[in-house]
Every structure is written in structure tokens, then in C-alpha cells.
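What follows is a group of structures, each given as C-alpha cells.
Heads up, the next two complexes both have subunit A, just with different partners, subunit B and then subunit C.
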Partner chain A sequence: MFLAAEEGEKVELVGGFLAEWAWLIPVVPLVAAAAIVFFGKRLPYKGWELAVGALGFVAVYGTALLIGHAMTPMGFEDHVTLVDAGTVPGLGDLVLEWGWTVDGLSIMMYFLVGVVGFFVFTYAKGYMEGDVRFTWFFAAFTLFAGTMLVLVSAPNMIQLIVGWEGVGLSSYLLIGHYWEDMENVWAGNKAFITNKIADIGLFLGVIVFAIGAGSFRFLDVFEAVESGAISSGFAVAGALLIFLGAMGKSGQFPLHVWLPDAMAGPTPVSSLMHAATMVTAGVYLIARMFPVFDAPAVAGDIRWLLITIGVITLFATGLIALVQDDIKKVLAYSTLSQLGYMTAAVGAGAYTAGLFHLFTHAFFKALLFLAAGSVIHAVHSNNMSDMGGLRSAMPHTFRTFVIGSLALAGILPFAGFWSKDEILATLNHDGYTAALVVATAGAFVTAFYMGRAVFLTFFGEYRGQGQPHESPPIMTVPLYGLAAGAVFFGFLNVPGLYTGFTDWVTARVFVPQEYHPESIDFVVGGIGLLVALAGIAAAYVLFFRDAESQAARDRFSIPVLYPILENKYFIDDFYMKGIINPTRLQIAAAVNWSNDRIIDFAVNAAGVATRVAARFVYDILDQLGIDFGINAAGAVTGEAGGALRLTQTGKVQQYAAVVVAGAVLLAAGFIIFA
Partner chain B sequence: MIVSQFLVLSAALFALGVYGLLVRRNAVLVLLSIELMLSAVTINLVAFGAFHDDPLFTGSVFALFVITVAAAEVGIGIAIVLMIFRARRSANVDELDLMKW
Partner chain C sequence: MEWFDNGWGLSLTVFLPLVGAAVVMALPRRNELAVKSTALVFASLSLLTSIIVALRFDYGDTSQFQMGTDLAWIEAISSRFHIGVDGISLPLLVLSTAITVLSVIYSWNHWPEPHNPKAFLVLMLVLATGMAGTFVALDLILFFVFFEVVLLPMYFMIGIWGDRTKRRLAGLGVEVEMRLYASIKFFLFTLFGSAFMLLGFLALFFKAEPNTFDMVALSELGRAGVFTGTFGFWVFAALFLGFAVKVPMWPFHTWLPDAHTAAPTVGSVLLAAILLKLGTYGFVRISLPILPQQAQDWAPAIAILAVISIIYGSLACLAQTDVKRLIAFSSVGHMGFVMLGIATLTDIGINAAVIGMVAHGIITGLLFFLAGSMQHRYHTREMSRLGGNMKLMPVLGGILGFTAMASLGLPGLAGFWGEFMALLGSFNPLDGLNLGVFRTAMVLGAVGTVLTAGYLLWMLQRVNLGEVPAEWASKEFHDADGFELAAWVPLVLATLIIGIWPKAVFGATNDAVVSLVERTFG
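Now for the complex of A and B:
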């Protein structure tokens, strides 16, 4: 049914048993997270088994859905009404719903989060072994995955925001996991606040569309945009605001500053955050709202902006990755760069290409982070200047890291080549030549910094402390699992041969209008491959051959450019000195004043009033009323007893005399009255 | 008429007993006084029993009961007095103020 549908048409897709029960996908990890909080510490593996079990469930369910979807395309939505507020002035009927979406896009994400998450959670057991807050870590980590699944499964914008903020919250908890160190707390704050600034855009965008469409449901919004019920200016404004939210989550320039700092969290967190959850949320949102972004009334006005932002991000952050010493930061800037590719692709209307890159990137970037974590685990340092020569000491980590690097660099048989090539081919076909040139140059930069990372970490001589050892199997086996994805998942979408991935993600109620390459674009692909190989060669020349001068080989210091890159284009400094510091002091003063004068006054007044009331109750009611009564009763009893006890003389004859006197009195009374 | 004579005797005996009970200081004599009062009661019972011409001899039967109880009571009483005397070398009732508060 779906195969017969033309692009741009609406099709009726069917669900099925699996789709009807898909609400379990976000619910199971959330329940598991709560269970870990309450019972985790008492379990034999301290809650890890619940976490990995929940993710295993999602992985299996996601795989089952994907297989079912590949056979019969699914498009299913169901809703449960939570609140029906009736008619609200200015907004129409306000209904809050909880629902779940099962279509090509969300199935792809379920599969991704489940499978990548399962590997990462398995690995995390080895990595976090011995951590003080092991159980809490897995509770927050499961919440992280669960809220991402809430976001993905959302058929309406309110649920999307719930998942969106849940991801933000749990990422904050996880980035600041090692909160004993103040820097990590600041990194968490930075991530949270940067995202919040972007979220203002998301909220306003949602409000715009909800008012325009009179409903929070995506399908109603798409319907309204298509039919023109939302005027084009309105839709453009809404799309821009939504894009601002996506920019924050997906770390697009200039809101990318939080992502490298988020490396402060444990490595499994970075891995999941950069692969399946969190940063993919922004791209996912644009893809989910693709019918809006791609509507003729909207696309013309904002396409250039999305492409520009994406292209700037992919190139500028890629350059920063060149000068980083921290291996995780190299990977973090590389993620930013790849997110730039995705945003540029989706912005340019290449829906499938962008999502395909998201999909393959998730596998090899999760792999790279886990492998980097394995290295960090072994050498106890994040800095590549403390590594080197680990190839023989850590053969498994080395092999998988190289596979991930080749995939990321876009070398032919690996997954990254196919997805990057699809983006380049689509940019080429749609005529975005400037973007194509920058993206190709970005491929050079990507290959260059990955080559640098590999050579500095695994070749040359060991420069760190102690003797590094390979990580335990619980950490290396997931590496091979993800490496398999990095090797093979590129073949899911080879133009002209097999385009299963395209069929999956385009199977939605609103089939996206886009261009699919009919066959491999040999010119663009060839140039991309050559450029990537050139990048690796350049890295080889600069960082491998020069093995003699270990210290000098990380200094290809180009005047002017190097300081700029090392200071990250001074963007962080600008935010800090130009925006945060001036406003922070004003805000702090204002908050301090209101705290002193308003809140403290109210609190103090309440305190004084309570004290006066209490004094009255104590002095008057308690002391004079109740206590007096009780004391008086006691005193009377005591005095009476004191007086009466004098009659107890102990002299038997006195008692007898009293008895006789009583008898006489009774007798007298009897005689007199009877 | 016969009854009233017995009653006078009995009342006199009872009064003597009460007097002895209240005045005597020696515990043995106090017990004796109690016996006097019991005897007065017994005389009363027998006298009324005879006067009523009761075929079941209830008055005499009760008199027997009283005598039995009196014997038991004196037995216990003398035993207590003996124990007290042994412990305190005195049978003076005034000195027995253990029941004082």
C-alpha cells in the first residue's frame, strides 16, 4: 500500500499487535529507573541488571518493530487523554494527551536507542565498577534513555517537551555525576542553562503551532500547515523557534558550547549522549516536523538558515577538534561537526540522508567513545599527551577504535562513507554548491583529526604513568558489537543496490518529498573518499612519522589560527565576559535584594507571628488553664491524703474503738429511726 | 422473760468483751476479750433457738459453728501472738504499730 504511494502524499498506514503495545518502550525504562532508585542497592548487581534488562527489552522490541516494519510498513498512533480542560479562551479545546507513535522515523530511533543503549549499558558495568554512586548512576542513566524514548514516541508536542526536558534533566544529573569536583558541576550547569535558553525557542514554537493548528498533535499541525490554516509567516516563525530549540539540544553553532564541557560526565554517558540520546533529539525533532520545515510556504524562507548553521557548525567545530588534547573533547567536537552535517542535510531537504547519517553516526560514535573510555580506564588520563603506543597493550580497543575512526572519516566500506556520501550527493543534486564544498572540506578535517587521535593514542611510545592493560571482556565485547554496526550498517542504504533504510524512514503518514540518489554518485563519493584519505595522510605525516620528537608533534602551530582554535573562537569567553558576568551580577543583586527584603521579610513575619501565637498558647492556655487545673487537682489530692494519713496510727485498739463506735452509731440510728 | 434474762447476760458479757478489747494492752487478753464477745453471741443464739422452739435446732447448730470458728481463730491468734512475742520480746498491743502509715 505504501510502496504505491507517491512522495508528498498522505498514506494510510496500518499498525498491528506490536505497534499497539509499543507504549511499553518508553514505560519499561522509566519503571526500571524508579525500581533502581528504590530497590537497586539490594539487588545482586546493584541495579545494573534492571537497567540493562530495560534497555535489552527496548533493543529487542525495537528490532522486532524494525523487522515488522521492513516487511509491512507501520504507521500507528494512539492517544490516552490525560487532561481535558475544555475550551480555553484564545486556544480552543485544550486536551493533554499521552500517546505513542510507531512509524518509520520513530522505529528507527527505538532501534537505535535500544541497541546502542544496550551495548553502552553493558559496557558501563565494567567502566563504573567501584563507583560510589553506582546504583544512582544507573538509575539516572536509565531515566536518560527512558525520557529519550518518551521524546521519540511522542505524537504530540506536549509529550515531546516532557521527554525533551526529561533528557535535559537526566543529562544534567549525569554530567555532574562526579560532583565532588566543582568543574563538573559547572559543566552540568552550563549544559542545562544553554539548553534552557534554546528551550525558550521550542516552547514558543510549540505555542505558535498549537495556536495555529488548535491541537498539540503533530499530524494536526502538519495538516494545518499543508492546508494553509496556519499562515506562512506564522509557520515560518514557528519553525524558526522550533529550530532554535533543536540548535540547543543538537549543539549547533553558536549554542554548541555546552557539549564539549559535557565530557565531564562518565564516558558511557558521553557515549550515549553523543550517539542515541540527547544530541540526536534536535535532529530528530527537525525530522519529525519535516513536513513543516519542508512545506513550500516555509522551506524557501528558512532552508538557507538551517544549511548555513549546519555548515558553519560542521566546519568550525571540526577545526577545534584538531587542537584538543583531551581525547573525549576531540570526539565531542567531532560529534558537533557530524551534527552539523545532519542539520545541513535535513535543512537542505535531504531527510533520509540526514537520518541515515544520524543512524550510522550513532554506532561509530558510541563505539569511539566507549573505546576512548577503555583507554582512559587503562591510562587514568583523558589527555592524549599521556597516551601513545597503546596498540600492543590494548589490541581489542585499538582494533575497534580504528574501525570507528575509519567509519567516521568516511572510508569506503564503512558505514560513515555511505551516509556522508549520501549527504554530499544530495547537496550536490539540490544545487547547494557552497555547502557541498564546505562539507567536503569538513570531510578532510574529520579524517585529519581522527587520524591524529589514532596516531597519538595508539602509535609511538607510551608517555603516561604505569603499565596500561586491556579492559575486561564486559567492556571490550560491546565494542565489537558496535563495531559490527559501524562496518555493516552502511549497506542498509546503498543507492541503486539496496535502499531499505530509505523505505523505512520515509514510511510515515506524511511521506516526505525529497530526492533519493538513484545510483552511487561516483564523482562526489570519489572526491569525498580522496579528501578523507588525504586527511589521514596529512595526519600520518604530521603525527606518525615524526615519532622522534614526541612533544613537538602536537604543535603544528599555525600563527593566529592556532590560538583562535585553542580558545574555541573565544565564544565561551564572550558568553562568560560579555553576557553572563554583567547580567549575573545584576541578577544576583536583584535576587539578593528580593531575598532580603521580600522573602526573608515574609518568612520572618511568619516566624514572629508563630512565636507570638505560641507564647500566648503556652503562657495563657497551657500554663494558666490546663496546667493550673491539673496541678490543683494534684495538690488537693496530696493535701487530703496528708491529712487523712494521720488517722492511720497503727494502733489496733484505736481501729477497734472506731469500729465499735461505728457499730454503736448504727445501732443507735437503727433504734431511733426504725 | 426467760429470753430477756439471757439477753441481759449476753449484753453484759459483750460489753465486758468490748471493754477488754479496747483497754487491755496484753495481746493474749485482747484475744480473751474477743472470745468473751463471741460467747455473748453464742448465748444469744442458743437462747433465741430455745425460745423459738425450732425443730431443726438452727440456733444451737449456729452456736456450734461459732464455737468452732472461735477455736480456730484463737488458735491462729495465739500463734501470731507467740511469733510476735518471740520476735519482739513483748506482747504489748501498743507497741505493734507495723500497720502505721
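Now for the complex of A and C:
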């Protein structure tokens, strides 16, 4: 049905039984999270069974929806009115609603969160075994899944905010899971505050669109932008504000600083939240609001900004990954870099390409984190300088990590090749040549740091403590599950052969207007592949043999550049020393000082002055009803003695005195007004 | 039940605590159980009648004053016993009776020095009458009486059961005992404001033809344009002083950190949860409807002061080392959002203000309960000495974490709606108000939410998280006991319910607010 529709048109899509019950998708994990908090500890698996059961449900439901959607495209939403929130002058009622969307975009995300989440939750049982807060971990992790699905299912912007902040809360809780260590607490705070700053944009953007459209519903907003009911200026401002929100969640430069620190959380959290799903919420939001970002009145003004931010992010953060020793940090910077690709793609109007990369990246990056977690589990260190030679000791981890790395590096025929190629091809077609060049160079960097990670971790001699062993099956089996995605899911969208993914995600009420490659762009794809192979080759030369790797790293320590990268371009330092600490320490102290020394000083001085004046009058005029001042002053100095004496003698007189004073003022008032 | 709907229900809600106070006074001081039970019974009866009022309230007609009566009272000045509730006052009335009951329950075995539950409970019950009365009064003199009745018990609570540490006043070198200093400051500051407020009331009385203190009649006159010009300006200014001190708005706020910090736990809870709302309620109930033209003239100035309160209060929080003082200062910021909502003079803004008042009452009340219980155990409020509370007392720590999240406006919890909708309302204030001022206020208010998150997370970091300091490592701590949980769990649930289902409040307020704005500014 939707195939008949021209791009850029609105189509009527159907729901059906599966769509009508899809509200269960966010609700089941949320209920499970609450149940884990209250009953988890009494269950045989300490609550894990509820968590993984909820994710299993989402995975099955998401898969069923995807199959149903592939057969008959769905474009469904339903709403429950929570409350009529009142009228905005001149613009009508604003209604708060709860609802759920079932269309191509949200179904893709349900599937992604469910399937990747199921594997990660399964793995997490093995990884978190013996943890002090095992049950709480799964409660918070399931809360994340539920709130992420609230976000994805939202047909209106209020619900989106609820989900958005909900995943932020889960992120804070899980980054700081080991809160005994202040480092982790700081990391959690940093994530929360950075996102909160970006949320200024999200909140105000939502306000701009909601008031412009007179509704919080996305579809109404799209209508209003299309019809011009929201003026071009407001639409541009709103889109920029929303993008600021997206930059926080999706770690775009210069708000990327929280994500590497977020690696303080347990590895399954890094895998599912800080790589596969939560951090893609910003890209998802741009895709959800694509009809706004791509509207003729908006796109011309903001496209360059989205592409620029995306490209800076993908290249700048990729370079930092080159110098990290902590394997999770390598992957974290890599995630930032890939989010840069996605942002550049959706920013350039390549809706499908950006989402396709989001989709494949979720599988191979979740895989890489879990495999890295398996290594960390074995060697009890995050640092690659404590690893090496693990190929034989951990064959399953090795194999799957290599698959993930090849997919990330963009090597044919793994998933990352297809999705990255689609981004490059679209940039090429749309004439964003500079972006294309940087993105291709980024592909070299990607392949280089992944090659480095593989060689330092799995080849050469073991440099750590003890004897590492392969992880138990509950951890290795999910690795293979995700590896299957990393190998095969690229074939879901091969231009000219099979483009199922394009059909899925573009089947929604507002069909995005965009370019779809008709056939493989062999030039761009070929160059991309060659560049990636060159990156691996370079890493091989520098890092393959362990004995030389130390020297190689020294050789790699390019003067000037290396310290800049090691210090993350000094951005974190600038934020901390230039903004956070001055606000937290100097400005706050100055405000507090002004409170005590200026405002309150005036108040206290008035009290003391009253006492002095009262004493003067009292001494000279002898008790002429200025007890008020005396007592006030007496109380201020504590001269009046014990509390009881004060309270029993002081206030009635004071009260009377003030009422008398009031009456005097009153009389004055009447004289004036009459 | 006709008698109940004709004013008896509301009168019982208001005066049952006062009767209770009289009964408690007659009981022997030694028999603490009888004293406490009697207080609890009367507070609960008041809560119960307020709930019945809420159940019998006609939600199809929330803009009308219901369940009330209008009787002759002080004939000489034609002041009448005119009471009633509408959709705006009803949530606040129920909040005040509920918080009172929870305070009695919490107090059951948490008595601040110098003990004396009898006196303490008598004061609390008198306070309850004052609070509930303020929310139902429809006569300015009646309102003023209840408004002032609230003062004395709170004054005694702080002055007698308050903090006994000494402090040197900055810049004056005078040493004061905190409870005496804070109680007098609270009393005089509020009285200073309310003297002007009374002046304003009297001016309205004499200007009105025929002379009346009736709020409904005065509102009609106000809409008809009787109170305008210079007269209106000065009356609004007088009322503004009275209410702004109570809210409190910057720069009239300095009584608040001292009073909240020095007050005994229950005193802080009642101050934060209810007393501050008397000010914002006064704006909505009295200033706006009676002086609509002046409200529009003053709105930008109020919005500016509101935003200063938000930013200033949040920054001051970041500088605090005392956990209770931090929570106290947080009220300045949060009430700033309420005032910002009111200043927009729109449906959304005033709805935001009312739900913001209720949410702040619940959340900040709970925060003060928690701070009190921590002080009870650690005997210090200095955050630098605390840490790892989550490990020592997981239940108390967990509730503290939850409440802090609610306070920073996490969507899905009660605090979100007031904040977000105040910003929403500021984007498009009432026609004719200065857009530049309000949109700037919106942006700065949004920046305030970041600072709010900052100080609350930092507070959690210092109090709840990290390793347990050596000082406490070997000590035995009791996690939350039954009385504490009985007082806290209802507030936790209310935070959740209002967060997920804001209609719990908007259902009552919306029509009333729409009608108020329509009649007053339409």
C-alpha cells in the first residue's frame, strides 16, 4: 500500500491486533522493574529472570511486529488522554496524552532494543554474578529498557521527554552502580548534568513546537510545519533547540564528554545503553522529527550545522580512540565517532542511511563491548597493556571480537560495510564532498584503532596477572547471537538487490523525502573498503608483534598531537576549570556571600538600628510604645534571656506594636487616598 | 449530608484541630500517650472531613465556590464568615490536612528538645486550623485572621524547640542563638509584610461601594475596573509585600533559610509544605482577581523577581554545607517557578503554579522529614561529615535519592509538571505582556533546572554515596522505623501518582483556572 505513495506524501497506514496491543512493549519492562525492586531478592535467580523475561517478551513482540510490518506496513498510533492542560492564549488547548506509535521507525527500534537487550541481559547474569547489588542492577537495567521503549513508542513530545529523562536517570544510576568509589559518582553526575544542559534545548524546542502546533503530537507538529502554521523562523529555532537536546544524548561534539566517563558503569550497561541503544536516542529523535528537519523551510538553514557537528564528532573522537589504553574507552570513543556518522547522515537528509547505521552499529558495538567485558572479566583489568595473547585462551571471545571489529571497520561483507557505505554513497550523491572526504578518512581511523585493539588484546604475549580463562557459556552464547547480526544484517539493505530495511523504516505516516541509491556505488564503496584495509594494515605494522608494541606506541607518540589527544583536546579541562568549578565554587560562594553580607545584612542592620533608635527614644522619652524595637533588638542579641521568657513576654507586645504601626500607616493611607 | 455541604464540612475540617488543641490542653501533661492519640485523632478527623469534602465536591463546576457558607460575623465592619472551596483551593486544603496528620505520626517518637509533646501538639493543631482556614476563607478579614493564626504557633515551635547553636551575624559581630534569632526574624518579617497586606485590605474595603471584605464581591468590582490608577498600584504593592515575603520571593527571602534550618523537623516540614503556599495562594486568590489591571502591570516585574529567585536560590544551594539549609534554599528556587507560572497570567501558568505548589509541598516536606531523621541519627547536618548513607541506611537513603530526583523535576514524578508548564506558559504569556521579558525568563528558568539538578546530585553525592566515613563506620544505625515510614510512604506515593497522573491535581484546578483567567483577563 505504501509503495504506491510518492515520497513526501502522507499515507494512511493500518494497525491491527499486534499494533493495538503494542502498549505492552514499554509497560511490561516497567512492571518488571518495579517487581524486581519489591520481590527480586526472594526469587531463585534474584530478579534476573524477570528482567530477561521482560526483554525476551519485547524481543519476541518486536520480531513479530517486524514480520507483520514487512508483510503489511503498519502506521498506527493510539492515545489515552491524561489531562487537558489548559489553553494557550490564542492557540487553543494543550492536552497531555499517553500513547504508542507503531510505524516503521518505532518497530525497528522495538526489535533492536528487544533483541540486543535480550542478549545483553542474558550475558549480564554471568558478568554480574556475585555483585553486591545484583538485584538492584537488574531493576535499574530493566527500568532503562522500559523507559527507552517509552521514548521510542512516544507519539507525542511530552511522553518523549518522560522516556528521555527516564533513560537519563537509569544511566545515572547504572554509571554510578559502584558508588562507593567517588570516581564513578562523578561520572554519573557528569552524564546527568551534561544531558541536562542539552535538555534545555529539548525542553524549549518542545515548547516552541507544541505552542506553534497547539499540540504535543508529532503528527500535528509535522502538519503545522508543512502547512506553515509554524513560521519558518520558529521552526528553524525549534529544530535547532531539539538538535541541542539530541547532541547531549547522542554525544555530539562538544557535548560528548560524558560518554567516555560513563564507561565507569558495568560493561553490560556500556554495551546496551552507552553503545547500542540509549545514546542513539538523539539520532532517533532527529529521525522521528525528520519531517521537520527535512522541511524545505528548515533544512536549508540547519543542514550545514548538523553535518558539520556530525563530521567533527566522527573525526575528532575517532582520533582520541587511537591513544586510549582502556579497551572500553577505545570502544566509547568509537561509539561517539559512529554516532557522528549517523548524525551527519540524518543531518544531510539521508534518513535511511543514518538509521541503517544505527541498526547495524547496535549489533556489532554491543558485541564488541560484551566481548571486551568477557576479556575484562578474565584479566581483571580494563587496560590493554595488561592483556595480549588472549587468542588461544579465549577462542570464543576472540572470534566474536574480530567479527565485531571487522564489521565496525567496514570490511566487506560484514554489516558495517553496508551501512557505512550507504552513508558515504548518499553524501557523495548529495554533493557533500568535504563531509565525504572526512568521513572516508574517519573510516581509516576506525579501522586503525580497531586493528590496534585486536592486536594488543589478542595477539602477542600475555602481559597481565594470573591465568585468563574463557568466560562461561551464558556469556559466550550471546556473543555469537550478536555476531550473527554483525555478519548478516548488512544484507538487509543492499542497493539494487534487496532493500527491505529501507521499506521498513520509510513506511510511516509522513514518508520521508530522500535519495535511495539504486545500485551500489562501486567507487565510493571501493575507496571506503581500501581505506579500511589500509587502516588495518597500518595497525598491523605498528602493533601486531607484542615485543615491539611498546616501541611502536612510542613511535606513534607524535609530538604535539599525542598530548592533545591524550588530554581530549583539553575540552574536559575547560569545562571543569572554566565552567563547572567556577559556578560550583566561586559564583555560588559569591551568591551566598551576597545573601549573608548584603541582603541579610540589611535586614539585620535594620533590626540593630531599630534597637539603637529604640534605646535612644526609650532613654529620652521613657516607654512611649517602642517596645517593638526593644524586643526585636533584644531577641537579635539574645539579651532577652531564655526562650521561655522571651516567648512569654515578648511577642504579644510586639504583635500589638506592629498592629498599632499598621493602624498608623493605615490612617496615613486614608488621608492620602481620601 | 446537606448540612455537610452547607459549610459544616469545611468548618469541621478547619476547626476540628482547634477543638483538638483545646482537648489536648485539658489532658495531663504526663500522659503522653493520651496527648498524642488525641492529637492524632483530631488531625485525622480533619483530614477525613477534607477528603469527604473532596469526594462530595462537584468537579463539573470547579470554578464555583462550593461546600461553603456565608454567615454574619463581625457586623460592625461587615466582615462575614464566608467560606468555600473551588478547584484551586481544594488540592491545597487536602494537602494541608494530610501533611498535618503525617507530621503528628512522624512526631510520635521524634521529639525535639525540650520535649513537652503536649505543648508541641497544641501548637501544631492550632497551626492546622490556621492553614486550612486560610485556604477556605473568602472574606479578607477572615483570611487575615487565619493567615496570622499560623504565625504564632510556628514562632513558638522555632523559638522553643529549635536549633540551639550560636551564630555570629555577618558584618555586625552580634552573636545570636539560632532558634531565637530565626523565630523572631520569621515573625517580624512576616508581620512586616502582613501589616501592609492588612493596609491593602482596608483600602479595598473603603474603596468598595458598598464597603465589603468579601473576596467574591471585590473580584467583581475589580473586574468592573473600580480599583485602578494610583490607588490600585499602591494596593497591589501592599498586597505584594505581604504575599512576596511569605512565598518568599527574592529579595524578601532571607528569613526562610534561617527559619527552616533552625526549626524542629516538623516545623520545617509544615513551613515548606504549607506556609509558603499561603503567599502564592494569596496572589492567585486575592491579588489577581481583585486587581487584574495591576496584575498585568506588575507581571513582568514579578516574572523577573521569580527568575532571580530561581537562579539565585539554586546558586546559593550550591554553596551550602548544611544539608537542611540546602533544602531550605531550594525552596526559594522552586517557589520561583510557581511565581513565574502565576506571572504569565495564563491558564497553563496558573495551573502550573497550583500543581507546583502541591508538588513542592509533598516533595520538600518529605526532604525535610528525611533531613530531620538524618540529623536525629548523625547529630550533624554538615555534609562534609556525612557520606555512604546509602550503605548505613538503605531505606532512608533510597527514599532520599527518590525525593531528590523528584525535586529536580524528573518527568514522571510530581515536580516535573509545575516546572515544565511554567516554562511553557512563559513562552506565550497573556496578550499584552512583554514577550521579551517572559521568553528570557523561560530560557533562564530552563538554565535554573540545570543548576537544580547540579545541587541535588551534589547533595546526594556527599550524603548518600561514597564510602562510609570512619566517624560512622563502627556505629550502629537504625534504618527508617515504622512511624517514619508511615509518614513518608504516603508522600512517596503521592509524588508518583501526581507524576504519572497529573489529572489528580489538574482535574480539580483546570476549569477553575480557565474560568478565573477568562473572567479576569478575558
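Miscellaneous remarks
Basically, the second predicted complex is superposed on the first by the 567 of 674 C-alpha atoms of A that agree within 3 Å, B and C clash if a C-alpha of one lies under 4 Å from a C-alpha of the other, contacts with A are read in each partner's own complex, and residues count from 1 in each chain.
Criterion: a residue touches a chain if its C-beta (ideal position, glycine included) is under 8 Å from a C-beta of that chain, and two chains touch if they have at least 3 such contacts.
Just so it is clear, the model here is predicted, and its values are computed rather than measured.
Using the contact criterion defined above for the overlaid structures, shared-chain residue A:537 touches neither subunit B nor subunit C, since it reaches no partner. Of the two partner chains, neither subunit B nor subunit C is touched by A:571. Among subunit B and subunit C, the chain that touches a larger number of residues in subunit A is C. Legend: residue contacts after superposition of the two complexes on their common chain; A:43 is shown touching neither subunit B nor subunit C.
Once the two complexes are overlaid on the shared chain, A:82 sits against subunit C while remaining clear of subunit B.
In the overlay built on the shared chain, the residue A:474 is in contact with neither subunit B nor subunit C.
In the superposition on chain A, A:229 contacts neither subunit B nor subunit C.
Within subunit A, the residues touched by subunit B in the first complex and by subunit C in the second are 650-651. Residues of subunit B that touch subunit A in their complex: 18, 21-23, 30, 93-94, 96-101. The residues of subunit A lying in touch with subunit B in their complex are 645, 648-653, 656-657, 660. For subunit A in complex with subunit C, the residues that touch the partner chain are 82-91, 94, 96, 158, 161-162, 164-166, 169, 172, 176, 179-182, 185-186, 188-189, 192-193, 196-197, 199-200, 203-204, 207-208, 210-211, 583-584, 587-589, 591-592, 595-597, 599-601, 603-605, 607-608, 632, 635-638, 640, 643-644, 646-647, 650-651, 654-655, 658-659, 661-662, 665-666, 669-670, 673. Across the complex, subunit C meets subunit A through its residues 152, 155-156, 159-160, 169-172, 174-177, 179-181, 183-185, 187-189, 191-192, 195-196, 198-199, 202-203, 206-207, 231, 234, 251, 253-255, 257, 312, 315-320, 346-348, 351, 388, 390-391, 405, 410-412, 416, 420-421, 423-425, 427-431, 442-443, 446-447, 449-451, 453-454, 457-458, 461, 464-467, 501-503, 506-507, 510, 513-514.
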